[in-house]
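Two complexes are shown next, each including chain A; its partner changes from chain B in the first to chain C in the second.
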Partner chain A sequence: MADTAQNALSGPQGPKPRKRLSRNNILIYGTLIVVALYYLLPLYVMVVTSLKGMPEIRLGNIFAPPVEITFEPWVKAWSQACTGLNCDGLSRGFWNSVQITVPSVLVSILIASVNGYALANWRFKGADMFFTILIFGAFIPYQVMLYPLVIILREIGLYGSLWGLVIVHSIFGMPILTLLFRNYFTALPEELFKAARVDGAGFWQIYWQIMVPMSLPIFVVAMILQVTGIWNDFLFGVIYTKPDLYPMTVQLNNIVNSVQGVKEYNVNMAATLLTGLVPLVIYFVSGKLFVRGIAAGAVKG
Partner chain B sequence: MTASDPSISIKNLDLSFGAVRVLKDLNLDVAQGEFVVLLGSSGCGKSTLLNCIAGLLDVTAGQIFIGGQNVTWEEPSKRGIGMVFQSYALYPQMTVEGNLAFGLKNAGVPKDEIRAKIARAAEVLQIEPLLKRKPAALSGGQRQRVAIGRALVRDVDVFLFDEPLSNLDAKLRADLRVEIKQLHATLGNTMIYVTHDQIEAMTLADRIAIMKGGHVLQFAAPHEIYNRPNCLYVAEFIGSPSMNFLDGVVSGGSFASDVGSFALEGYGFAAEPGTAPAVFGIRPEHIASGAAAAEMPIRLDSTIELVEPLGSDTLARVRVGEQKLWVRMDGQASVTPGSALPIGFSAERAHLFDKSSEARL
Partner chain C sequence: MAASRPKSLFRNLNAKIAAIPMILTALVVFTGGTIWTVAYSFTKSGLLPKWKFIGLDQYERLWGSRRWMISIENLFIYGACMLVLSFVIGFILAALMDQKIRFENTFRTIILYPFALSFIVTGLVWQWLLNPDLGVQSVIRALGWESFDFDPLYTAEIAIYGVLIAGLWQGTGLIMVLMLAGLRGIDQDIWKAAKVDGIPAWKTYIFIIIPMMRPVFITTLVIVASGIVKVYDLIVAQTGGGPGIATEMPAKYVYDYMFGGQNLGQGFAASTMMLLAVLIVVIPWAMLEFGGKKRG
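So, the complex of A and B:
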């Protein structure tokens, strides 16, 4: 009996054996490694250069690791580098950027999420028209609106102030964020909304107690989009503020592009890395939620 | 309000989505404490009607009265209704207790009263051990119980069920069906229940409203609907497998079709027609076969084409001339396809419908 059972099991059985080093795998991993190196090489050069002293840089071996590691360029970039009349480094720009980014992100996400919620669940008259206009706004080139916005801000007395820039960022974030939130809320089961209405909850109660707690992923996505977008913005920053209030990106440009004196490559590299640090940290901290939210918000609905 | 007043009264209700008229001049009165099932195939407007009663859809025309009050323009929460949804619609980030308390908190009920009401509802539904759990940690049946509890705690007069059992497996569905019936017997509230499942409708309802195309075709007790369907659609819709139909002509108390002509002795005509094209209907379970067929006033010879044994019953599709009929027979009957089977039935159990108007004759 046992013998016949054994005999019955000749030929392929159990898990299929896989070769580690098949042609396919070599091709796939080879390509991935080359592409990864291609992207990482500039970063490597930046990090290495920012840790060298100027004499070492003048030798010209940009790929060589630093012989003598120094953090001097980082300190200088942060607190001593000169832009125009100020010589207090990037720190001023950093704090300006924080003061611009935090309120802009909060205001734009708050308004856009309420917009999206109203568009998805409270189908008021003309909702489709309103939505179309809003999305259409996303396709108008920024350049067209620059000058009118200068005039508007001047008339309401906010031109050249941080708050003026906050308003501009909040407005320009509106179309894409509203679309994002609307799609996410549309994908949530409609019966939840109905049940809450039967339970006597109003517009704001449903928003705060039912919708918001279910929407963490999409809020994270919106936050990442806005933080990186606003932090990296250069155009609005340079137009709608004045030198004292320039955001970090504008200040970085002024440091790197300054024409007097010796080009301090190590300071420039350190300054650039410092400026890019905030979006980078945001990505690392919330990467998983980001992917989940993008999938939920964009694909469904 | 007296006890004889209807609990829910729908008057000339119309609802259109753009150019599509979903509900057409619909009238319905539901008595106090009655269990009414809205039954129909998908797209007949039954869920739409329920949403109108709940106030989740704005009506285009007409009025809705609940408990004698005109609630046509009222908010859902002000109508004295509780609603149970097909997908349960439990708030996922709240515990079971939070779900039950949400409606009461919104209504500003004091805290200890909320606690007392939740305790009572949890006892009725036997969900006390689940109160601290999140909906994600519950099974389908438990979730649906919590959803019912959410309506229960609010002490409403009217319960609305929107296909509450459709997401459950067959066994659980049968169990919860019994529980809902028990709940209705205990509470005595008016309940309106939407389903496309005729077994749920037949077992639960005091009265069934069969809907099609935005109209109520027949609104009567299950027994009446089964025994005296008032039109061809209802006759075909209720019963599984559905009724057998023969086309023919009725004239002078007899019916002539291509399987032969037979007298309609014992059939209760609503109004005796003259000569008119008609449809003759007989349910598979009202066709006798084998030896019992000999005792029937109408007898035919048939050939068995197909047999479906169900255990308790056996269904057979037989052929009489060109006509195919379903016959339900005893589960122990031994029949084989291809053999001959004498069948017989009585006009007493038959149904006759006008060919053009499809109304019962």
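So, the complex of A and C:
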């Protein structure tokens, strides 16, 4: 009874108790709704425009909902849109991006998680120094390392190939992922590790049988981080692959910003939506885990 | 386990083997690559890297080029506006979200979603919205306001602000989320104490909460700032550096000279300047943050 009375008086915990429709509340929700509309507007415009025919776009305004819904722009963007080189649409870029993203995500997470595990549980001499360099490396502009990497990849014969790009993504994903895994593994109870050592388990056995099964959430976070990051990459795709291996972002840019021909805004916007679809789906499905992933980038080591 | 293992190269051998990729990355790519680029920025490399020392010639040419000066100016305008605006907007949004509101998840999801999109997608969307014949300007003119002018991307003097609009749309959500996490980390008793003393909420934020959130601000600043220096895709997608060279950025200068202009020396010199810019931000931060403590 006393509890309810008190709750009624003080409201939900927060800085200030207030009535539901106070001026303050109107201000807060009003601002947030206006902001939310502003953020949604571009997405809305793209969806709406991608469903219109070209004549309708020329006449009407871009905020108006389509009078006649057509999915033709989507089909065209997927299978017929032209870059300077070929006219088989974005599907080529999509499959390239899949081919790039899957091995890049797996390799980078495998390497970084083993690194983090070694740093957390098997500290060896000099480990901290390498780790510090690695974290510093996260802040070095990529531009400084672009050309040396071209040389390295050319020397090992992987320049312009899919696996060259996988290596590049693994390298540049390493600092943040290693930090993520190291922090997570350090926070696990050390007794587990010690008990496994006493039972005679070795480096890899402990990793596969104890660390990995216990750390699935952090693996999911790392995966979200990497899939969106690698899918959205543009710079490395342009530099380290050849035109027939270009990822979706590069192909999208080539389609949309190509100078020839009439601009087909509906096809272009459908293409843009298609490219944004993978990270958007991951974002909306993963929800809080995505937030955790980006916040992980912000926590200091 | 043997308690007195000899301290040899073979101790923790598996861990060392497992760390080989990390060691190679740290030493060869990050350290070696950086030193290599800085060293070759003093050479006469053109189409291919060539070890012919010419001192500071590349830098003289760089700082004498109009395009580089505009890139630097743009980076400063974009960087300063981006930092100030995204921090102010991000913090205000976080503060609003922290009022125990309903639908917090919905609002957060909406404000953060652009961050999941690539800069290419962001740049293209805003290229259309700011296109005078298609986007905001044409819509408002069609509503009857014939003289309405809003075409930042086609006016050289203000084109960089058009890029800024897109950058803010994409990046403010991240700052809001980080700030919100910071606000949630603050002891609720502070609020109660401030209320007992009769301090208005806005004063509490400015004089008590923000100073308490200093670490969050600094970390966010470093992340955002090192992201700003790298801005490249957004420009390529939204303006291509145009109109003319009005929205060029240092990162684009580097790419164009290294892989398009076949003038490697210029690319190396420009990227070295970018490195310098980042170091000026990162080193004081690292000393502040990790200087005293042993654990990294």
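In this section, the second predicted complex is superposed on the first by the 268 of 301 C-alpha atoms of A that agree within 3 Å, B and C clash if a C-alpha of one lies under 4 Å from a C-alpha of the other, contacts with A are read in each partner's own complex, and residues count from 1 in each chain.
The rule we apply is simple: contacts are C-beta pairs under 8 Å (C-beta built on N, C-alpha and C of every residue); 3 or more make two chains touch, one makes a residue touch a chain.
This one's a predicted model, so the numbers in the text were calculated from it and none came from an experiment.
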Report for A:189: first if it touches chain B alone, second if chain C alone, otherwise both or neither. first
Considering only the touch criterion stated at the top, classify A:209 as touching first (chain B), second (chain C), both, or neither. first
Return first, second, both or neither, reflecting whether A:46 touches chain B, chain C, both chains, or no partner chain. second
If we overlay the two complexes on their shared chain A, which of chain B and chain C does A:275 touch? Say first, second, both or neither. second
On the A-aligned overlay, A:235 touches which partner chain: chain B = first, chain C = second, or both, or neither? second
Under the stated touch criterion, which partner chain does A:198 make contact with: chain B (first), chain C (second), both, or neither? both
Chain B versus chain C, judged by how many residues of chain A each one touches: C
Please identify the positions on chain A that touch both chain B and chain C, taking each partner from its own complex. 197-198
Contact residues on chain A for chain B in the complex? 189, 191-192, 194-201, 205, 209-210, 213-214
Please output the residues of chain B touching chain A within their complex, sorted ascending. 51, 54-56, 75-78, 81-83, 85-87, 89-93, 102-103, 106-107, 150, 154
Which of the residues in chain C come into contact with chain A in the complex? 1, 11-12, 14-16, 18-19, 21-23, 25-34, 36-38, 49, 93, 96-101, 105-121, 124-126, 128-129, 134-135, 138-139, 142, 169, 173-174, 177-178, 181, 188, 191, 195, 201, 204, 215, 219-220, 222-223, 226, 229-230, 232-233, 236-237, 240, 251, 254-255, 258-259, 264, 267-268, 270-272, 274-275, 278, 282, 286, 289, 296
Using the touch rule from the top, collect the residues of chain A that touch chain C in their complex. 12-16, 28-29, 31-32, 35-36, 38-43, 45-46, 49, 57, 61-63, 111, 114-115, 117-119, 122-124, 127-128, 130-137, 139-149, 151-152, 170-171, 174, 178, 197-198, 202-204, 228, 231-235, 238-239, 249, 252-253, 256-257, 265, 268-269, 272, 275-276, 279-280, 282-284, 287, 290-291, 294-295, 297-301
